[in-house]
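Take a look at these structures.
Paired with chain B in one complex and with chain C in the other, chain A is shared by the two complexes that follow.
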Partner chain A sequence: MSQDVAAAPRARAAQDTVADAAATPERAQPFAALGLTADEYARIARLLGRRPTDAELAIYSVMWSEHCSYKSSRKHLRQFADKAPATDVLLAGIGQNAGVVDIGQGYAVTFKIESHNHPSYVEPFQGAATGVGGIVRDILAMGARPVAVMDALRFGPADAPDTRRVLPGVVSGISFYGNCLGLPNIGGELAFDPCYAGNPLVNALCVGVLRHEDLKLAAATGPGNQVILFGSRTGPDGIGGASVLASASFGGTGEGAKRPSVQVGDPFMEKLLVECCLELYRTGLVIGIQDLGAAGVACATTELAAGGGTGMRVRLDSVPLRDASLGPAEILMSESQERMMAIIEPGHVPAFMDICAKWDVQATVIGEVTDTGRLEMSWQGVQVVDIPPGSAADSGPVYDRPAHRPATQDELLAADPGRLPLPAAGRDLRADLLLLLGSPEGGDKTWVTEQYDHYVRGDTVLAMPHDAGLVRIDAETGLGVALATDGNGRYCQLDPYAGTQLALAEAYRNVAVTGARPLAVTNCLNFGSPEDPAVMWQFTEAVRGLADGCQQLGIPVTGGNVSFYNQTGGTPIQPTPVVGVLGVHDDVRCRTVSGFTAAGASVVLLGDTRPEFGGSLWAWLRHGHLGGRPPAVDLDAEKALAGLLAVAAARGLLLAAHDLSDGGLALALAESCLSGGTGCVIQPPADAAVFLFSESAGRAVVAAWPDALPDLVSACAAAGVSAAVIGTTGGPALELTGLFSVPLADLATAHRAALPALFG
Partner chain B sequence: MPRFVVDVMLKPEIHDPQGEAIAGACRRLGFGQVAGVRQGKRFEIELTEPASAERIGELAAELLANPVIEEFTVHPG
Partner chain C sequence: MTARIGVVTFPGSLDDRDARRAVRRAGAEPVELWHDDASLHGVDGVVLPGGFSYGDYLRCGAIARFAPVMRQIIEAAGRGLPVLGICNGFQILCEAHLLPGALARNAGLHFVTRDVTIRIENDTSAWTRQYRAGQHIRVVLKSGEGAYMADPQTLASIEANGQVLARYASGNPNGSQRDIAGVISEAGNVAGLMPHPEHAIDELTGPSADGIGFFASVLQAVAIR
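Moving on, here comes the complex of A and B:
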């Protein structure tokens, strides 16, 4: 409770020192309780030539956790680099806090998506809030000003009691943190499936903007330079979060049950930290910088020292504490929010401190860079850590876990949706449209998204319900970036390779329909336990699919995050890679919106429609069916479509463009009618059910002015994209000639009913 | 009329940014001796008929407090 507890007497005097560790090799240590295996513990002892001290054990336990070390995924993630397409847009790539992409005019953007699944299940509000805070600091650490956030959310059945606990908490946690911080939330996803009932997915994305010369890296260079910890004080928040919580399944109770400790976010402190860091960057004083996320001081010190190829001496007693009883191991593992670490020349420390004082940010010199190649830490005058920093940051174990395609996969593929009865009569087609439109999955997401501020900062061009979020970067030129995230657990359950490519293709298409040129990819790979060979097979297929897909589309993966152990008991979630695509608009004034805003335009369906219902929303909601193959992937067709959409937007040919995905053309038409407030009259072909509900990929529905139609048709022919005029915008209803007509008011009632009915 | 008071506080180990902000404001207002503040909530509950403290505790755990990060005490008003 005291204001300056760093000066207060320490509660625990006797510490396990480096000398003690050398003298008492036999002393038993609780490595298993910290999440390390006996082999990993032996590996640490081999690296050090002695047993680790308690503080060193704390460092290795968090740094070698699945969450921080990617030990089960690293071998596979290499494909993102190995198969990376030749590109000159990448200024910083995988391995940094976030990838940095050149968008022209001297600007760069950095963006990343990260999971906060387990904390959001334990404490939905704070878990989701700190998820936003963490990803914002990742972006800030690259030297960028964070400009927007997005969230990809997945929950159990919308009507399940636990969803009523988790969803409102998650949404209000995101809106609380993002709105207080003053960042617009410009998009994301909301999905429901029974597989997420005990394991919701909360994936937070942030995008930031910087000038090329402002790029910062996490490297401690220059022996004698000072190590400064600034931001919030350190408390017992989330100790062991990375090692225990994010890296193992929720077990039973009783002995061995792992108890997470909840972190509380403070967006007002984060706002001060953002402005403080940006002012520090402008002075040019900052040599290296790192945010403190999972694994806190342990992670920041080891990664900075390893990144700089140097050593570091740290006085752990100097770390300002909120709780005077914390010992060195706890200080190292604490995940207290809103903290950063910077490397500064000694002569610049007073100037640094002045800026921090201006922003009311506490800053403390806790150590200095050395040339010893060792990370040394002291506590009350005794040495408690002496390790090579790279041994914790880079030399963790790498596992080649067994991966086997499960036998059940064949049954799943054999359960072809072709046997499902397709509606033919107008009233049946109408009923199925309203079923999809009125479901939590297919319905309006406004109940969630209206809790987020979309327009703060004044540069939001598009946000929900458009296919992608779009923010303006430069008010003079109109330069802007579009972002979309997509994932589809049902497709990935059927075929993780194709399903991941479909997620990539959809995010790519969502960005393209606004008229943007897709440029780079981030990903958040949500899977079950990597110790389950069937899950590992899903994971390897998904990574291979994404790497191959990015290679074919010619856009690099700039970074991402892996979240394993998303399962309840022995049942994993559906494999859910969430793919984020970033695209560039040279001038956001030429963007295309998704709604039909005027009558008299021709409605044109781009791309080819085949009877593809495997994993479709229609099969799932109408028949509870999940089986067969997901829609075919044709990335060359996606590329052609994206190129066409960019040309059409730049030439002003389109009134509207909307991507086709879940729920097929039926949902896309209904959404375009509702968001633009204008109906349409469509002339369906004979196989109306396929026309309306198939989820064939590589398609978009656009509206073009009649005088632009010849241009559009010839542009389609030139791009090799098939185009069919299917109707006209206008009228008070969504009408399918000869089949059915739904007045817009009825459409809106159905669309908007689901979430408010469940969540109030 | 039977009454109960429920006091809700963040658990001692949980970060309290609002309490810290209040402590900072205290010092700015000249109360330099304020070392720390933790903020809680107090509920005064009036009943139409007597109820047990256990029953009120159930209400507190369900609605008034978030047992994941908060603790509470129930006492007769």
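Moving on, here comes the complex of A and C:
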């Protein structure tokens, strides 16, 4: 079918060839409209020894974009490698499509989180859907079977009119794509803050599983090997930038040159592509593979050739098209979804094609690997690209942008929440509990999570509303992986270094409460404009905080993603690094759940509680206050707590364990009562408001049978974790003796009300 | 000899692996059937699993109904072969006219994933004979187009014939008429169920182990047959 389209007669102007570029150095090119600076344009000309052709300019403009080149962040991200703890769990690290971690028994997992913020604001449904599709292909490209997804979402105020446009669209986009693809959605986050009103955050995570020997790398090796593009045809999706070239080349200026800027997803095609790739991998025919994401064919060809240290010759007119009017620059930049590129020995092409045909996946040989060290592309018999592939993939500009701590930071820190009046009377404490529990931030997220299939594949052991998702990898041995993502813009606004470490600590703790051992970290760094020194300061502090934190916890960063320019006018979002932690569970049958499922167990608070309300949910919701310092970070204490939780789970000491974070002990107790369907009676200390609403880090609430309590207490002592028995599970209410009691039914009504009331 | 139960994989099938696991757990041998197969390879029963066959293009199940393997299944079902369609499989069986009625968009217009309690109404079919009529079981519902619909005459006749297999008993999650969660053919061998029994075979990964009864039932039915 592709041949028909390719052969269709097309009216087009003459292409800007390599010879033309050499002959007409003075020709003006629209580099600025493509997002390149004059310096960057000059750098391209220096690298090539001539001006670029239009098609080459298209390649450099996308490869040197902030999104693909990390030009503003690269200098700082090096810390993740420089400070990486000594570890033998990493099979592939930063720079690959996704990091790969050894989890034992011959298995490895690969996981990564990526942003799709801007597309999701423009077109929430397709923006979010293709965000899922993109991250799944990253995982697939490593040779892994994708086994689960998660989503970290942030929106403007829940009751803002635009949130009613964006949130339901994003959620149904994720539901549409993920459900149809057959990947369980096992968790994530949902947060609201006015700072995200014009910049919602849609961060999608995928995790995949492979055997060690199945690892695939993005490298085009072996001159003479064939380059195959397979999956969907290429259309005019997501090439706003290329339209500039098109109109410049064709002399068009009006609406006719405009293209849709958001890609459209087809999860059915992605499902076929996943199964097709996995079958291809099993044959051992695949030498190198790369997914097509941002920057499409431009990115895949340059990265494969650069990765292999080879060259590549590509016939752009062989690319199967959905729109026959596309020119070479547009083909190179198109972000059409559900496409992959593979490197195959010539003799294996027929076998490759047979498997693609079985899955109804279109596959086309578009070129071959060469030993020239050049990426050469032709279009209708003329040469339109001739560049060293590394110059686009690896030699992009690197900026050391100015970073200054803004003066307003001192005012923010000085606004001490210690001055806020704390509730003391039972009815006031009760009212504040219900305020938090009934808010969109603290309330039940079922309205969202019910739209996601978390059962498909039959290996989901824990999903929402548990602290972490837990997926079984091997049914015989019970080996599994736990995953959690966390971020807190309020904490990071107050102190981006500590706030990022708190996000790391929370994700680490969320994994640990299930009984899993935290192993590796991914991150999605959502910030405003890097050209704003105050934002750049937030960014550098966050990266430093994460690198230092991972070093101290002894778990490496395996990869991640940076999303800049999340700002409306001059106002950036709160710095929002979202940290994903992956842990390994030796036997998922011993997992710890978060709910109180039976009466008669002792409720034990682990860790130390201090009066810490800076950036807390209570201060924000009760007083509209954001100031002071975020909770203190103690990563050694986090490590001790995580170790204890793993031991306690393995020894079967715990009925339940739940992490304490936003909303403190109050929200944690309410959630454990509701998810397990059992109340509890708690004896509060004198400073009940601190006890209930402080957000001191390094804490968890657990339930243990009375006969296991001595064991638990001695394990805590051995680990250096403070433990206080604060009550007992059972009864029809959440009761704080002498203060208040809320029947479970009332608790449930308050908890479940917020989102359905707003979104139907 | 163990019963051999075929599980069909259409392009876009998702719960085929889970269905095979449930078949194995019940003690039968799962046999992979491909949408393009011209033979059923001598299986003793067939499960059409959940998913989005052919991407739900046109209408759920509308394209799968014409897959080559369906020709064999329709013919074999006429001869009494036990067939169970789960979720998308139920939609395919309705499109193939092996079962009465149709599945429409959920009343709430959203995809719904929820643990539901269903009441078994017919305990004599090939797929439910290990349950008791009136028994409540806990299974998983996960669908966007799960609202069971039929015209008044059809509804009256399936009620009169005992063709209602199961009803939702913990609230109606999707607007199904008369809370119908599953139906069965007049002959009692072809069953369609919107919720997923294959996701309720183990308390570790599902809300209960109640769903295994569907697969154990067909083993028994095959042994007698």
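We adopt the following convention: the second predicted complex is superposed on the first by the 734 of 760 C-alpha atoms of A that agree within 3 Å, B and C clash if a C-alpha of one lies under 4 Å from a C-alpha of the other, contacts with A are read in each partner's own complex, and residues count from 1 in each chain.
We adopt the following convention: contacts are C-beta pairs under 8 Å (C-beta built on N, C-alpha and C of every residue); 3 or more make two chains touch, one makes a residue touch a chain.
It should be emphasised that the depicted structure is a prediction, and the values quoted were computed from it without experimental measurement.
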item	value
Which superposed partner A:Cys180 touches (first chain B, second chain C, both, neither)	second
Partner chain in contact with A:Asp159 - chain B first, chain C second, else both or neither	neither
Partner chain in contact with A:Asp354 - chain B first, chain C second, else both or neither	neither
Comparing the two partners chain B and chain C, which touches a greater set of residues in chain A	C
Which of chain B and chain C A:Asp410 touches, first, second, both or neither	neither
Touching partner for A:Val588 - first (chain B), second (chain C), both, neither	second
Partner chain(s) touched by A:Gly458 [first = chain B, second = chain C, both, neither]	second
First (chain B), second (chain C), both or neither touched by A:Phe268	both
Footprint overlap on chain A, where chain B in one structure and chain C in the other make contact	266, 268-269, 360
Footprint of chain A on chain B - complex, ascending	10, 13-17, 20-21, 23-24, 35-36, 38, 66, 68-69
Residues of chain A that touch chain C when the two form their complex	172, 175-176, 179-180, 182, 266-269, 271-272, 359-360, 449-461, 472, 588-589
Touching residues on chain A, where the partner in the complex is chain B	1-3, 122-123, 125-126, 232, 235-237, 261-266, 268-269, 322-323, 336-337, 360
Parts of chain C lying in touch with chain A, wherever the complex brings them together	11-12, 14-15, 17-18, 21, 50-52, 54-57, 110-114, 140, 142, 144, 196, 198-199, 204-206
